[in-house]
Amino acid sequence: MVRYFRRGRASSWSELLRSDPFSVEDVRRSARRRLPRPVFDFVEGGADDEVTLGANRAAFRQLALRPRRLAGIAHPDLSTTVLGMPVRTPVLLSPIGLARLMSRDGELAVARAATHHGTIYAVPTMSTVRMETVRAGCSGPLWFQLTPWRDNELIARLVRRAATAGYTALVVTVDVPVVGKRERDLRHGFRVPPRPSLRTAHHFALRPAWSRRSRTEPPLAYENLADGPPLLADHARYINDRLANPGASWEDLKRIRTMWDGPIVLKGVMTAEDAERALECGMQGILVSNHGGRQLDTELATLDALPAVLEAVRNRAEVYLDGGVRRGSDVVKALALGARACFVGRPYMYGLAHNGQDGVSLVLDLLRAEIETTMTLAGRAGVADLDASLLTAAAVAIGDRP
Amino acid sequence: MVRYFRRGRASSWSELLRSDPFSVEDVRRSARRRLPRPVFDFVEGGADDEVTLGANRAAFRQLALRPRRLAGIAHPDLSTTVLGMPVRTPVLLSPIGLARLMSRDGELAVARAATHHGTIYAVPTMSTVRMETVRAGCSGPLWFQLTPWRDNELIARLVRRAATAGYTALVVTVDVPVVGKRERDLRHGFRVPPRPSLRTAHHFALRPAWSRRSRTEPPLAYENLADGPPLLADHARYINDRLANPGASWEDLKRIRTMWDGPIVLKGVMTAEDAERALECGMQGILVSNHGGRQLDTELATLDALPAVLEAVRNRAEVYLDGGVRRGSDVVKALALGARACFVGRPYMYGLAHNGQDGVSLVLDLLRAEIETTMTLAGRAGVADLDASLLTAAAVAIGDRP
Amino acid sequence: MVRYFRRGRASSWSELLRSDPFSVEDVRRSARRRLPRPVFDFVEGGADDEVTLGANRAAFRQLALRPRRLAGIAHPDLSTTVLGMPVRTPVLLSPIGLARLMSRDGELAVARAATHHGTIYAVPTMSTVRMETVRAGCSGPLWFQLTPWRDNELIARLVRRAATAGYTALVVTVDVPVVGKRERDLRHGFRVPPRPSLRTAHHFALRPAWSRRSRTEPPLAYENLADGPPLLADHARYINDRLANPGASWEDLKRIRTMWDGPIVLKGVMTAEDAERALECGMQGILVSNHGGRQLDTELATLDALPAVLEAVRNRAEVYLDGGVRRGSDVVKALALGARACFVGRPYMYGLAHNGQDGVSLVLDLLRAEIETTMTLAGRAGVADLDASLLTAAAVAIGDRP
Amino acid sequence: MVRYFRRGRASSWSELLRSDPFSVEDVRRSARRRLPRPVFDFVEGGADDEVTLGANRAAFRQLALRPRRLAGIAHPDLSTTVLGMPVRTPVLLSPIGLARLMSRDGELAVARAATHHGTIYAVPTMSTVRMETVRAGCSGPLWFQLTPWRDNELIARLVRRAATAGYTALVVTVDVPVVGKRERDLRHGFRVPPRPSLRTAHHFALRPAWSRRSRTEPPLAYENLADGPPLLADHARYINDRLANPGASWEDLKRIRTMWDGPIVLKGVMTAEDAERALECGMQGILVSNHGGRQLDTELATLDALPAVLEAVRNRAEVYLDGGVRRGSDVVKALALGARACFVGRPYMYGLAHNGQDGVSLVLDLLRAEIETTMTLAGRAGVADLDASLLTAAAVAIGDRP
């Protein structure tokens, strides 16, 4: 029942001496070895001092598990539904742009892995594969992510395309009125497509396989945007100057609500007040998120924000969480607090860099196996059995193994 | 009265320049120097990120001692009884399989040291010495550990053999419906018997004495199991595939209860709810345990779980604790909270690796001397005088000496 | 709207390989590379064990932000007034003496940068540029700082000169009855002007550019003091022996109050009791300050002292804060608690060492941009919208990125 | 008024490049450079894992100071009385044996420094200079320390000698029924007089000046004991086997009370219960002490034990504190909580190793100057003005400067 898979593809002698990845952390390390530092840091980094980035992880450590024994859980059932759609695991995939930075097929590979595992991927506006191509490339349900961009016509066009292509839900991201201050990217002068500079040349030289691939494949572009990006664009500046809408308001959300017949998930809600407004605007789902600590630093951790949002929503919508989910036990804790499901972002990007679609699958396998083990050892038969009686405040938070 | 013994056997020049072990931590370091890393890590490691492993230790640091002076304690009395059997120390030995990995006589050496010190050892099902041999090899009382295995016939056979051999109590372990995710073992590809691989060969080469011994002695096997293990088996997978029963329930425990006339200790209880059920199933003892942090990571610490279990049990059974006990003061704290006795696991395995039966004796000597010193300095004459007035919350938990 | 500026002036090949400063911390590192260690440590250091120095920073980490979404904040408004004077940013510049240690124009460069950014600088008594020169060198409002010095005639003279020159407010510092024990300075034998000793010669040799400048420019002196400092004076001893008044009392403050017609800000208040007395003495502003951790070590953090002072003052005066402000989010938090504005000290000194007036401007630019980003991402339109609903206690304080 | 003295005696070229000591920590480092490691560790070490050793320090960090401004404290008054005897500083010197390990004149040098500073030293039974010699060698008041030793005749003899010699008070130590487990000493095989072993020879070789002195001076001995120590004795074992009385009780204390007409201070009380009994036995003073963390590890910190003891005593006796006092602000905090005075131990031993009697003086100078600075900066005129209004719980405890 519980398996920890060995897949990795040894691509060099040094790989042979390295063990397969057995955890998301292992996959992260593999991604760091394969990506040029500026590319890895684009995925890895957070805003300012990365306080919220760390707080997201630390919040899970603050909760300890209270296991029940002899509960007779031979086969814990991870299946559930989100917005009425059945999923085989409560782990969904957050929208992150620029997936082709990690691996050739980019967002398409992510979508295929999601289908393979019976879960859902929210394809981002900033995809490097056209949303129609992604949709056509896999059979499972997909959601489409957009932001209340400055250009209403762009929004309308994206929503129409998503409907036509067959996306089943929208995810509207509301925590990027401007791009947060990501100092790793500033320091590297991160651009799309990435190009070595005097200061970063050695990082690219140390990753010849990545550099070779990026030269031989079609150039990266924001394929869902008609105009495409200017050559050698600063990613954050491009979004701030052309796309982001700091003046976006709840009225903009209501307009999007009128454009789309299916369910909408609001991504980025962190307070009871905003959860209330989201319901007023007809949202079916609320994704508690601080954009993985990439936007407003020292924002509270998502797990710490979850209880107040759940209390405000009172089951009138589904509530999800992302941010810092790296272990099956993290998922179990969020669900025990009341979340319907978790989303992961960086973990599948690590997987994509590690081994393309198979790497994403590996991450989903690892998390699935860890959730199963956690539920079996905690004596919980299914996700419906995860409730607050499973949790207690940890007396002392212990740091990660160094 | 209080002595810190000097025993160690210098087996090389470098040993001469190294001081004798004066603490369990010293013995641990000695074990690390003697065992190939994959073997040491099998004993040392915990599940996932080893959060619970650390929490078990940290919980003791959260409690500070309130000593009384001039109490006139010339000879603190450590003797007590467990399940009516007299012991000369409140430190018992937890069941851990595969003791012959540490030293030639394995479980037999442990049992002899226990007898020598007037305490009790719970011989594990997964022993590498037949339970009848262990029983015949020492004179003191022994308990026998088993798990509600998948195969009821196996359980019945083990219980009959334990009764016939003369074991005085059963310890039923209920926190292994499946084996936890021990990443150190996964990384090393740990198998029984351990064999060097391309990735681990250097670890074995660095410990020639261990490797020589393991080649010249009879091969390791699970001697209590009729079929024995397949050659070069993955220990965790073997247990998961052949033995463990994720579907085990309280009914299985009741069936074991009917098979055995003597007292039974339930090992792994961590909540008041399960303690209540244990009493309903006729248990005489409850061992608060999270399997030394080896099963469900981020589970609460055993010392933090103890008070709720004690309150639920209200003296209707004896309550013990294991997990993180490394100092005499740890034992004193657990007893002051209300535990009847503590069990130690890793400490005696370190001792076994350090110097066989004498090494286990050394560990028991060290703990006994530390308990005596702690009781003398705290002004408590006997274990019956250890109560909550001895404890206060530590204002700040201070880390271990690096 | 939100920009992170790239200015730095590459003065060597190694600079080319170093990224521009994107944060106050980056500017700090640049200053450390440019200043001889004894000079850098004079700015950087705190009293005794520098506990309060660290506590000032840590206090900001204890507060987490609760962001609101879709608030439609296209252009957050940072402008406010202090003592009725309009400022374009809620970041003012604390008085620190000896600015010419950092860069040629010293206090004059600071004043010009303040004017350029529409904010206010409190010129210190211990300035290395005459207050009249500073006042004449820029067009914006300036405040003048003094301490209740031992010599009443000196105080009266300084106040008269400040009035004549056109300073608009006084800042009276009350936390230096004697100079705190700054062990970095003691260790380096710090003197004004700084001179290499046998023990510190290598520090100066490693910073030839600084040493060359200091040799070719007019010698450093306390230009506002008639007598000037003795050659090679110990800065702290000079203040203690000639200037500081440990016997200063609230009567001295009342006397100063009678000498000056304009508003007075009392700098160094840390308790409700002293805030009450400050109001009795007719103060218009209270600057909650522990002198950047340079005076009384283990004093509480300024952010922790702020709420009690605000409650005592009940809007009868303006309340400001300094100490540990390094990020825009720090400013936002202090204002959300109720402060009218923040002062920064070390940050602009780093900027001055980094690149003179342009360096100070860079620091003000960075903080302004961070405040804008924070307000935009937190959904707050102006400084008047910053209130306690923006804040929550952080569940765990996470350390700085190493 | 406030001075930080520069004394140190440069004894080598490398000393010239090292700054004078400006804090107790600096003196500690100097001592570490001068003493063979086993000798330094004898002074420095604590019991077991040295948790209490660290907790004593950390407790001071948990309290933050609330300073008052403009209090007009030109000359803070440190003088007070202890047991009716006037002292010029609230810092007294704890009894520690074997002072001649540090420097030639040993306890005599300590006593002279105490007299010089107008404070009191409690001469230990385990002195390496005869108590009569110490008494004759200085003019100030001295106290004599003893333990309720096993041999009543020895106690009676020591008390008579102390009375005859002119000691003004007894200090009875009650936290050594047996010697704690000091692993540093066990590891080094620490003996009196110290002798190099195969394992420690290099430590002695690295400190030739110390070794030369110890060879040319009269051999170390417990000069107050008639029989003297056996040659090359294990210090802890000697005390445990010959002197210590684990059976000592309050009756023994009452007997000592009848032998001595003057005041008695009970050293080692950590609970309200024992404080009550101490008063019943006619004690005039109570010294809250955990023997500097050298006896019972994980015992609570002395500063954390102080409030309960003070509440129990209700001014019926004087209450003092030792353990972890390293800064003037530590003394101020203990007095603000209600202690009459603090004792220091290790600090003066460091001073003795640093520079004999002058080194002890330096430590007393440093502490006195720090107390003066703290009181001036906190706005407190005298020790009588130190009360709880000066204190608040620190929001975050910050670690020492690394």
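Every chain is named by a letter (A, B, C and D) in the order it is written, and numbering of its residues begins at 1.
The rule is short, and it goes like this: a residue touches a chain if its C-beta (ideal position, glycine included) is under 8 Å from a C-beta of that chain, and two chains touch if they have at least 3 such contacts.
Owing to the predicted nature of the structure, the values given are computational and were not obtained by experimental measurement.
Q: Determine, using the mean of C-alpha atoms as each chain's centre, which chain is farthest from chain D.
A: Most remote chain from chain D, centroid-wise, comes out as A.
Q: Taking all residue numbers at the chain B to chain D contact, is the shared part over half or under half, that is, same or different?
A: Different; most numbers are used by only one of chain B and chain D.
Q: Taking each chain's centre as the mean of its CA atoms, how far is chain A from chain D in angstrom?
A: Measuring from centre to centre gives 58 Å for this pair.
Q: If you average the Cα atoms of chain C and of chain D to get two centres, how far apart are those centres in Å?
A: 41
Q: Would you give the residues of chain A that are in contact with at least 2 other chains, written as numbers and ranges?
A: Counting only residues that touch two or more other chains, chain A contributes 61.
Q: Output every touching chain pair, sorted by label.
A: Touch list across chains, by label: A-B, A-C, B-D, C-D.
Q: List the residues on chain A that touch chain C in their complex, please.
A: The contact residues of chain A facing chain C are 48-51, 54-55, 58-59, 61-62, 148, 174-175, 177-178, 180-181, 183, 186-189, 198-199, 240, 246-250, 252-253, 268-271, 273-274, 277, 290, 295-301, 304-305, 397.
Q: Per the contact definition, I'd like the list of chain C residues that touch chain A in the complex.
A: Counting only chain C, the residues touching chain A are 1-2, 4, 16-19, 22-23, 60-61, 63-75, 327, 329, 333, 369-370, 373-374, 376-378, 392, 394-396, 398-401.
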